[in-house]
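See structure below.
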Amino acid sequence: MKRRIRMGMVGGGPGAFIGGVHRMAARLDGKIELVCGAFATTHEKNMAMSEELLLPKERCYDTYQQMLDAEAGLPEGERMDFVAVTTPNSTHYPIAMSALEHGFHVVCEKPITMNADEAKKLAAKVKETGLLFALMHNYSAYPMIRQMKGMIAAGAIGTPRKIVSTYDLGWLAGANACKQAEWRVNPKFSGAVACVGDIGTHAQQLIEFTTGLKITEVAADLTTFVEGRLLDDDATIMLKFDTGAKGVIEVSEVASGEENQFKLRVYGSTGSLEWSQMEPENLILRTNDDAMKTLRRGWAGMLDEVKPFIRTPAGHPEGFIEAFGNIYLDFANALLARLEGKPYSTSFPTVDEGVREMQFIEAVVKSTGNNGIWTRI
Amino acid sequence: MKRRIRMGMVGGGPGAFIGGVHRMAARLDGKIELVCGAFATTHEKNMAMSEELLLPKERCYDTYQQMLDAEAGLPEGERMDFVAVTTPNSTHYPIAMSALEHGFHVVCEKPITMNADEAKKLAAKVKETGLLFALMHNYSAYPMIRQMKGMIAAGAIGTPRKIVSTYDLGWLAGANACKQAEWRVNPKFSGAVACVGDIGTHAQQLIEFTTGLKITEVAADLTTFVEGRLLDDDATIMLKFDTGAKGVIEVSEVASGEENQFKLRVYGSTGSLEWSQMEPENLILRTNDDAMKTLRRGWAGMLDEVKPFIRTPAGHPEGFIEAFGNIYLDFANALLARLEGKPYSTSFPTVDEGVREMQFIEAVVKSTGNNGIWTRI
Amino acid sequence: MKRRIRMGMVGGGPGAFIGGVHRMAARLDGKIELVCGAFATTHEKNMAMSEELLLPKERCYDTYQQMLDAEAGLPEGERMDFVAVTTPNSTHYPIAMSALEHGFHVVCEKPITMNADEAKKLAAKVKETGLLFALMHNYSAYPMIRQMKGMIAAGAIGTPRKIVSTYDLGWLAGANACKQAEWRVNPKFSGAVACVGDIGTHAQQLIEFTTGLKITEVAADLTTFVEGRLLDDDATIMLKFDTGAKGVIEVSEVASGEENQFKLRVYGSTGSLEWSQMEPENLILRTNDDAMKTLRRGWAGMLDEVKPFIRTPAGHPEGFIEAFGNIYLDFANALLARLEGKPYSTSFPTVDEGVREMQFIEAVVKSTGNNGIWTRI
Amino acid sequence: MKRRIRMGMVGGGPGAFIGGVHRMAARLDGKIELVCGAFATTHEKNMAMSEELLLPKERCYDTYQQMLDAEAGLPEGERMDFVAVTTPNSTHYPIAMSALEHGFHVVCEKPITMNADEAKKLAAKVKETGLLFALMHNYSAYPMIRQMKGMIAAGAIGTPRKIVSTYDLGWLAGANACKQAEWRVNPKFSGAVACVGDIGTHAQQLIEFTTGLKITEVAADLTTFVEGRLLDDDATIMLKFDTGAKGVIEVSEVASGEENQFKLRVYGSTGSLEWSQMEPENLILRTNDDAMKTLRRGWAGMLDEVKPFIRTPAGHPEGFIEAFGNIYLDFANALLARLEGKPYSTSFPTVDEGVREMQFIEAVVKSTGNNGIWTRI
């Protein structure tokens, strides 16, 4: 019998930006229903969320442990199907691990954990349990990123040679950044890195996701520009890939005046593709012997695998929430297929990409500490 | 006691584009719940929608009349609060009128009716009943359009002088357009005009909405380019406004290769503003004595009245569905305020704007038939 | 024997904008040499120009009449070959006519004369004398405009249906515009119109030039927004063409904040082309069944007839002066070919396009005075 | 007494791209006259250039040595004032050195020489002779680059922190690139590097020019992607500056489909500036607390020092040739001032910037050979 997939949430309390996005994204297609949560760290805030979200008080738990225990004890027709983990980095591992141990599927914010060790343990647990684990690398779910991935795989630009990704934000340019930024530059909550974990991993993941290449070595330079800050707020990372391709990731959170300027260019032997997050409906194809083409979401040339993630015709802009929603849509479809015993092939980022991102971070830190020398992932 | 607003839907059956957008938009903020519908013209299709939307079979009605009668008879705690009318033009009037007579609030697609007479009757009924009536001029709910309206009202460009709006689509360039286009060029379903009703009214509404001016005269030229087509697929309309301002609307549905190219420029005595639907996050302010400014949704300078309609920070693109969602959010908030007996000031387009759009259409038709002569609205 | 073509200039005295552009454009390719001029209305200013331009004092004449008489009397190896007329509109006719009568070729600024009558007389004189007459519709010499013309002729967009050109400047938005603007709004120097003559004719010429169509009827609305101004500073003009195509020209010189925003879109039955003067290196081709293509000057796909007017590789921006220079290059090549007795086919705008632009202006004025009614050219 | 500055040219024979640009640029403002040249390596080609350029046969020399000797022997009123060196890299040093030794001023293409040693010798000779030496870093002469430099100096973006420059071309993506590319990847003519010398030095120079900072260390990765090629066709270079600022240069000549995509972003503590060579009329200013501003050449806000290098009003595009021309204009003005004994302050790049660029290249090569380790310039 058809039903909605039931979601529980950890994090996303009053004022949280990304938690709200998770909820909008999960609602968008009508396949997911939020049924419970441990949204915040105080009872009062959780009760406020109960009221805001029209959830029963008894399913707004004070801790994620309570939520996992209680929900696991509910009848099958009521209990949540999966947990969305939208807390600071430091708690991803214990929450996700415990959720898996309680038999719940997981959607987890990135970066997956505090280190590669934790990530590998999660990966092992996912394998062991056979549960679904989606890592919220939302940018990888933009339709034109899927188009880019498909076109590269199909040889549209020949062999990738040089990959350039830049991701620049201005929000940490000043010493007194907003509250949402605080935990991100605190090693206790963020881990060994700040900027590289927050946005550098987006670049690393999107590069590997779209090209299918693996980064094998990095030569990195982490910088802290704002005095007194304990972690990096800027980085440049040179890349070598398993095929001999080269690349560079440039990221900064002190890029004054930038909103969320994330760009990716892949140069191949016969052509190149360029995508920019702030104009996500475009994918630019250049070659040496034809006019520049701007492929547009929903217009001519869309690959079959992209079509399920298109909601409106070309020229009716889709954006960030819709891309986020694509991860949830894919995840919900996978769970629905399981319920119905049907095959389904997922395309969302998995725990394995979480392992990669942590290994990448560790190599970046090591190279920086070693005078920028090339360092293996 | 807090609850979700309950929505019933007429139209939006299998394959309908705009019905699906209404549903996504209504879901987005978690304040509205779809509880029933008369989605299509056959029982089979309505049952298919019941399954797709996980709605009880008994609340998927075969006709809007059945729906209105049945829902009116349900207990207050169950019955729908409002009807969303997403059918072809010809049925807007009977459905909306009957919904109002049954005591339901209405969200109605544009253009509101088949002629000004019907629109005026609806306006009278809205006034009489005191029910809410939102006209789905979705573009007017883009945050940067609200910003434009607020800035013009605040004198940011001086006195508006010249207003230029162009709206070009290619979808009817060929003789065999898609099925969704068919009713739009059939007088039986579309009324006296096709292109002007479909997109010309968007331009007219957005011009009057953002500037606060009223069009008083038009000199128009309706054209049918594709042989055998019974209604206009292209138009140019010169405008005079109540303040002495001038303008022009250029619209075409045979603009080969255009997706949904809707643009608006307002030139005032000291500055100008430009907005483009396909890049809806930008609002360009130009003056003769300063650098061009691109205001961005969510970045510096947002007016207070715009903020409630912003869901993500700048640089995290919002689009068409979110703008649509803003009408539903505003509508839901208004109904919630009524339920709680609180004051609330709506900003969605109303039935009065529906009367304007029909008067505009009638003047355009008259001018075209009269050798393009200036004709009063 | 090879030599440079010798140019004499009327107008372009101290502070004149367009005269300076003529000189830079004429110098660019090293085929033209400025040998004399009647640059300004006083002896002092002409002597200042002699010094600035390193010209012999005796060839900087006080009046164009003196120049024509004196130069006509010089030996063939010294005297100028052609006259460039860069004065206000009112003097184009007497200067150009006298130049032709003295046996000189002419490059003349637009609009060609004060009325269609004068233009026809010039056309007759050109025919009678067999001299070359280039009308400085500089925009028609941008390489991507030539590309657009060639592609339309070759059927790249099918049959043209709808043509839209907008040309907006802010320089006359205030009452006290700069000195260069003064004569343009003075009927004594400018003629029956200001804005339409200054920029409306650019739009009309470019439309007819690129499409090969002829405007047969206009329905026009001339407006004067700035109080006390004697001529139009804004206009909207609906168009009918000889093939049944339709169009609209929107022009304004009170478009606050606009620099020189001249755009042209041509929609055909199978595709469309868009060009924008402020990004002149791009030509956008859209169709309903392929990705949008941006053709770039010097990159793939250039037509043979465009190549002679390309000076640098793609990505090395060419602009306004180079386009202007293309008219001079074509003119110089034509004169050189005459000297050598070789055939040469010119592509610059001619006196016949001058007749068209004056007829267009007269029809626009007539329609405006006649309540906007459709009026034959 | 006023006169034109007399230019002799080495290089720029039949089919040479950059030589032709030098000539157009030198002609543009009417202050420079080409009087002689040693354009090519055969007598026949030099005679062909004599005919093409309308130069006396006797001043089209077969070798630069002949030219320098012969011109030095001409009377002062005839002989050239300066030599423009537009040959492949390997000959810059001997030609420029000999020109200086013969008493001629020099305009020299970049990169200045084959190594830092030669560059230093040239610098010493320039100092010794007091002659003018302009290094043709043409991009530094774009008006909006001058504006960027001036705004940074004036504190418009606070303290520069992160500088990112990318320069991508596709022309060497294939094995069989055009003839003009051949010498550039041949160590005999190009030196120790290809891509980094050809375009990497443009990035390095523009960064130091606009910010006033000095690069102190590089961590570099030179790559050769096309098999059989002897020199780099791609590079990534991380940067440290004398103030603690960081940066990155990414350059590629195998960036398939790119025309001449040169970009520069400078992020400071309170704002940032972005410029792109293919849209050279724009300079984008971003801050965290105001709308994005696009400064436009010729529009509001131009600094005084930029104005002499502006030829047309805003919206009348200037480009590559005009920027090139600005170096020549500045150079000619400086020579004219010398002739008249007046003071003049030049702004063109000098021999000292040539020394910097060679030191930069040498450090890049060294770092690449040393596993990417940070290496001092």
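The first chain written gets the first letter, and so on, giving A, B, C and D; residue counts start at 1 in each chain.
Here is the rule we use: contacts are C-beta pairs under 8 Å (C-beta built on N, C-alpha and C of every residue); 3 or more make two chains touch, one makes a residue touch a chain.
As the structure is a prediction and not an experimental result, all values here were calculated from the model.
Novice: Considering A-D alongside C-D, which chain pair is linked by more C-beta pairs in contact?
Specialist: A-D
Novice: Which chain lies the greatest distance away from chain C when centres are computed from Cα atoms alone?
Specialist: For chain C, the chain whose C-alpha mean is farthest off is A.
Novice: For chain A and chain D, let me know how many angstrom lie between their CA-based centres, rounded off.
Specialist: 43
Novice: Which integer distance in Å separates the CA centroid of chain C from that of chain D?
Specialist: Result: the chain centres lie 35 Å from each other.
Novice: Would you mind listing the residues of chain C that make contact with two or more other chains?
Specialist: 258, 285, 287-288, 292, 296, 299
Novice: Report the residues of chain C in contact with chain A in the complex, numbered from low to high.
Specialist: 285, 287-296, 299-301
Novice: Using the touch rule from the top, collect the residues of chain C that touch chain B in their complex.
Specialist: The contact residues of chain C facing chain B are 157-158, 161-162, 164, 166, 168, 170-171, 173-174, 219, 221, 223, 225, 234, 236, 238, 246-248, 250, 252, 254-258, 265, 267-272, 285-288, 292, 371-374.
Novice: Help me check something: in the complex, which residues belonging to chain C touch chain D?
Specialist: Those residues of chain C that touch chain D are 2-4, 17, 20-21, 23-24, 27-30, 34, 51, 53-54, 169, 258-261, 277-281, 296, 298-299, 311-322.
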